[in-house]
Amino acid sequence: MIVVMRKNATEENIDAVIKRLAEYGLKGHLSAGEERIIIGVVGAAIPPTLRGELDYFEGVQQAVPISRPYKLASREFHPYDTVVKVGELEIGGGRCVVMAGPCAVESEEQIMTTARIVREAGASMLRGGAFKPRSSPYTFRGLGEQGLKLLAQARDETGLPIITEVMTPTDVELVARYADVLQIGARNMQNYQLLEEAGRSGRPVMLKRGLSATFEEWLLSAEYIIAQGNPDVILCERGIRTFETATRNTMDINAVALAKRRTHLPVIIDPSHGTGKWYLVPPLALAGIAAGADGAIIEVHPDPDRAKSDGSQSLTPENFAVLMSQLAAVAQAVGRLVA
Amino acid sequence: MIVVMRKNATEENIDAVIKRLAEYGLKGHLSAGEERIIIGVVGAAIPPTLRGELDYFEGVQQAVPISRPYKLASREFHPYDTVVKVGELEIGGGRCVVMAGPCAVESEEQIMTTARIVREAGASMLRGGAFKPRSSPYTFRGLGEQGLKLLAQARDETGLPIITEVMTPTDVELVARYADVLQIGARNMQNYQLLEEAGRSGRPVMLKRGLSATFEEWLLSAEYIIAQGNPDVILCERGIRTFETATRNTMDINAVALAKRRTHLPVIIDPSHGTGKWYLVPPLALAGIAAGADGAIIEVHPDPDRAKSDGSQSLTPENFAVLMSQLAAVAQAVGRLVA
Amino acid sequence: MIVVMRKNATEENIDAVIKRLAEYGLKGHLSAGEERIIIGVVGAAIPPTLRGELDYFEGVQQAVPISRPYKLASREFHPYDTVVKVGELEIGGGRCVVMAGPCAVESEEQIMTTARIVREAGASMLRGGAFKPRSSPYTFRGLGEQGLKLLAQARDETGLPIITEVMTPTDVELVARYADVLQIGARNMQNYQLLEEAGRSGRPVMLKRGLSATFEEWLLSAEYIIAQGNPDVILCERGIRTFETATRNTMDINAVALAKRRTHLPVIIDPSHGTGKWYLVPPLALAGIAAGADGAIIEVHPDPDRAKSDGSQSLTPENFAVLMSQLAAVAQAVGRLVA
Amino acid sequence: MIVVMRKNATEENIDAVIKRLAEYGLKGHLSAGEERIIIGVVGAAIPPTLRGELDYFEGVQQAVPISRPYKLASREFHPYDTVVKVGELEIGGGRCVVMAGPCAVESEEQIMTTARIVREAGASMLRGGAFKPRSSPYTFRGLGEQGLKLLAQARDETGLPIITEVMTPTDVELVARYADVLQIGARNMQNYQLLEEAGRSGRPVMLKRGLSATFEEWLLSAEYIIAQGNPDVILCERGIRTFETATRNTMDINAVALAKRRTHLPVIIDPSHGTGKWYLVPPLALAGIAAGADGAIIEVHPDPDRAKSDGSQSLTPENFAVLMSQLAAVAQAVGRLVA
């Protein structure tokens, strides 16, 4: 961190800054320009709040952070790609992984049928919600543990590992008993107890970006999980909220490419939630893979117009099969294979 | 809801819509214009997902909701202002309520001093965080139960009721034991288990608007709480996230005025978080009251530049006292009194 | 500006930066911390593009601007409030100025009637569009010069000075012949030829903030006008575009308060466009004045439901008269008078 | 359009709506549901302002537009893809077109060198700014007509057609004399006089999306140009402004895919401005092509760190050559060829 003093800052002002730094075990390194003094902050651990504190000091013009506030998630400190292993499947290891299935688990027949369909089309993981966050209290919220059991049954039959959302810290143990990968939803990206509980679960965690979370906040939330000793974090870009209402959200493909540069964690795209329209799912899935994503999570429903949630963004089995072959072609064009 | 069919919709398309409506116990009322058919949906309970479902049907151009998706929070169904009683204090009852105190409870001395200062200046409730949500895992996260005890001690001495944040469902019982009003923070506005637990706590709940929550989503989250049988919900506008970075957030004063029209719930403004700069807190507090807010929540710290969090947005005791007298003048100008 | 070098920057990297600075007549002042080198940039005129250039240099971690990029509009360089004189009327001189009138000039009867009504209610300037920017090519675009003549006629009768929009550089001379104050609309905030032409017109200019313009860009656009030798610039906050759709725009009252601190220019609020709903105009007008605005511009129409544009945000004469008395009360509460 | 009346609307209210419709030559078709009356609006030309007007009527709950407000740009009225011909080059005709060159024309040597480089790498059009819009008045604004002459000279030598920006209506004739395609920049997307002048120029026009323009507003601006009798409009997505600051803008790839569905106009992506970072240009260019774009416009500079503007987002000749071969591979994967 660098503290830029105002032109008219007094010695007293400077001393106050130096003294506060010392309280945190930090050293202030003075450097006098022609116009003003700049204080370089030296020391092991700069508290994230320090910037806000110093901005408030008399005589301080600006405190400027130099390094990124996340470390464990940063490529700077961990240059090689993290590969998350789920059984024999590798996420982040060079191949593109496709996770597919219905938005919500609705019935045995629905989930078993869908599991067979997506496996046949080439998906390597099964998705499906047993606990559903819904903005209205008057909406279907999932089958709960019964849904988890049906997912496990589908795994037993198809061999596909399963990923499903966990919404509250006290459910982590339950969901982790059934799921291969825990999903943290966008609304919970800053539910810190949940992040920490997931970090202690022993399961890989897929962390969806919050609707209005900055890139940096997203990485800081990953940091919460990794800091519990769980390095197996998968990022998932699922669209951000902007002024545009022609699509449900705005997929931030910039963030996918930036993530591959700034972090070592695998990145998955979710064009179903990112667009909200089934006919935009294929082009955006292809776009994400072309931009470097390590895979995609796609909603597929055997009968989308009867889906209990998000039917309008689900692909039919036929459309999903077409998409899988297009994904293979685009992956190959950027030098990769679909897992 | 109204379902507008495409010009070229077939009888089969129309029948499919009617049939689906029937499955939900709803009736479709056909009306043939010169160019197209419109189906009015009649029935008691239209599921919130229906719109998405129907948009997906062949031959459907658009499904248009007519009424608002929240009911319990809506002024349409409940025309008179809700007055939330906290001991003898009334929130929403015509007087402007000022809640004040530090961002976080840091020590006995700090909270006791601040409590005395804010009471003397005319505040009618004491705020202070015992559990703090922080975007980075490396930051001070509050004193926990010890903080709650200190708040209770401050209440005992000053008589001020206390409001403090609860972050996770399993903490609701604990926090409700000490606090007079539970606060749900912006990051948790869509933490539905927490909303429901708070709804069952028997305590009034102040619900902060999420950083990127629409007005409608905010009201739907209030609906979650009220639906548990707890009518004592206070809305709190604390700034939204926009492209503007010159201030920490953008206070949405439009939403304050709109809330007074669309709902019967009291609305409090939080200019400390809404601006992120202490020198913008007074003008925005005055603006909110002028626009019709039922009160304000203000961060005050006896020594802002030593605050463990958010010091740069805290007022000094002197500035707070000045603000209180300005608030009284503006409240009077719009025909109200400060409680 | 400060250039922060990477930890592993070479001497060669540093020399390259110093050399580039020299090409611009700037000096680089080195300062070695324990971990990295920081280069302070010293010199009279740092080109605004320099930051982008240096960010691209090898070995550079970050180039950090220290002072604000606008000077003429900055309070730092011009501490006293600018007072814009329009005849005997002063804008920014301590009194709150109310500009009122229809969105568009529609007919002689309409503009004359409205002018009389708003003068009687206490407005001190007449607004009305003769040239209207419209997002669709199929919409009423104003009466053009005929509209300007009607405005001038209304001024002759009522004595109210007039403000009206100019949309294209070649119209500046024409509009300046009739208008007392030129208005630059939100869509044209970065139409630089128009800004410069207006800067040379000899008329005061009211500059509306662009829908997605940052605070800094707004001030830079003011700088364009002032740089032509025209110090009489009035800022106008009229709402920004955010994710929220419950209101037409989001009034950024934070920006009003910030403008009073960072610049010396007067600031006017436009709650008619800022909210898009007539019933939100009064609370937001009051909010803006409470936050420190130097006045408000309000749409008033003798028969809003027959207005050719923006009727739904226009006040009736009765509602406008009520608002004027509320404005007087709130202005007084913050120590000011309505002009 | 459909007008939904409130439950308690009176006959008088309904009559008022019908009467107003009649004034516009429209017919209101009543349809009584069980709960409320709905009025279908029938007639040739519904004025775009009608919705706002009716929303304001007593007894009206909501006026709902049914068709999109743009017609000439809509695929509904013009199902086949528009192919814009520039000499022998076709844009929108199935091949992906790459336009490349420096942000600004700086000198004869710079533009001639760049033109040769990009032609050799496979680009089919040369870009370069002669008139540059800059947010600060203190920045390089281009060489003006001298820049146009240099572009023409580069075309003479390389055979590449040229595209360059025009910023003000009075410059259209001048720029059209030199350029093969006129570019309207993002800041001018709603500069209506400029749109109309460009529509009358006889040249194809590439219309960049405004920073905060909705998809619909973008199409309405295209409508302005087409309405002047010029069908040769090319859309260009160049990033929108969101809360995210980690990249300069947020590329809206959703909008690219949506444009291919809703309009018949070709769509070009501009990843240089859309990301603001040279290392994000290749992944986003690939993403856009994978999502269905008809081409890309890319900044290339022989010496990016000496570029007079936007150097940090320009590719070196080497990086551009690599990108061209990747583009060819991805285009082929989605069944297309690079022109």
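Lettered A, B, C and D in written order, each chain numbered from 1.
We take it that a contact is a pair of C-beta atoms (placed from the backbone, for glycine too) under 8 Å apart; a residue touches a chain by one contact, two chains touch by 3 or more.
All of these numbers come straight from a predicted model, not from anything done at the bench.
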item: Co-neighbours of chain C and chain B - touch as defined; value: A, D
item: Chain pair showing more contacts of the two, A-C and A-B; value: A-B
item: Length of the line joining the C-alpha centres of chain A and chain B, rounded to whole Å; value: 27
item: Mean-CA-position distance for chain C and chain A (Å); value: 39
item: Contacts with 2+ other chains: residues of chain B; value: 212, 241-243, 245
item: Chain D contact footprint on chain C (complex, rising order); value: 45, 47-49, 52-53, 55-57, 69-70, 133-140, 167-170, 187-188, 190-194, 211-212, 217, 220-221, 223-224, 227, 241, 278, 304-312
item: Chain C to chain B touching residues, read off their complex; value: 212, 214-216, 239-240, 242-247, 249-258, 260-261, 274-275, 279-280, 283-284, 286-292, 326, 329-330, 332-334
item: Touch list for chain D against partner chain B, complex; value: 2, 4, 29, 31, 33-36, 38, 40, 42, 61-62, 64, 66, 212, 241-243, 245
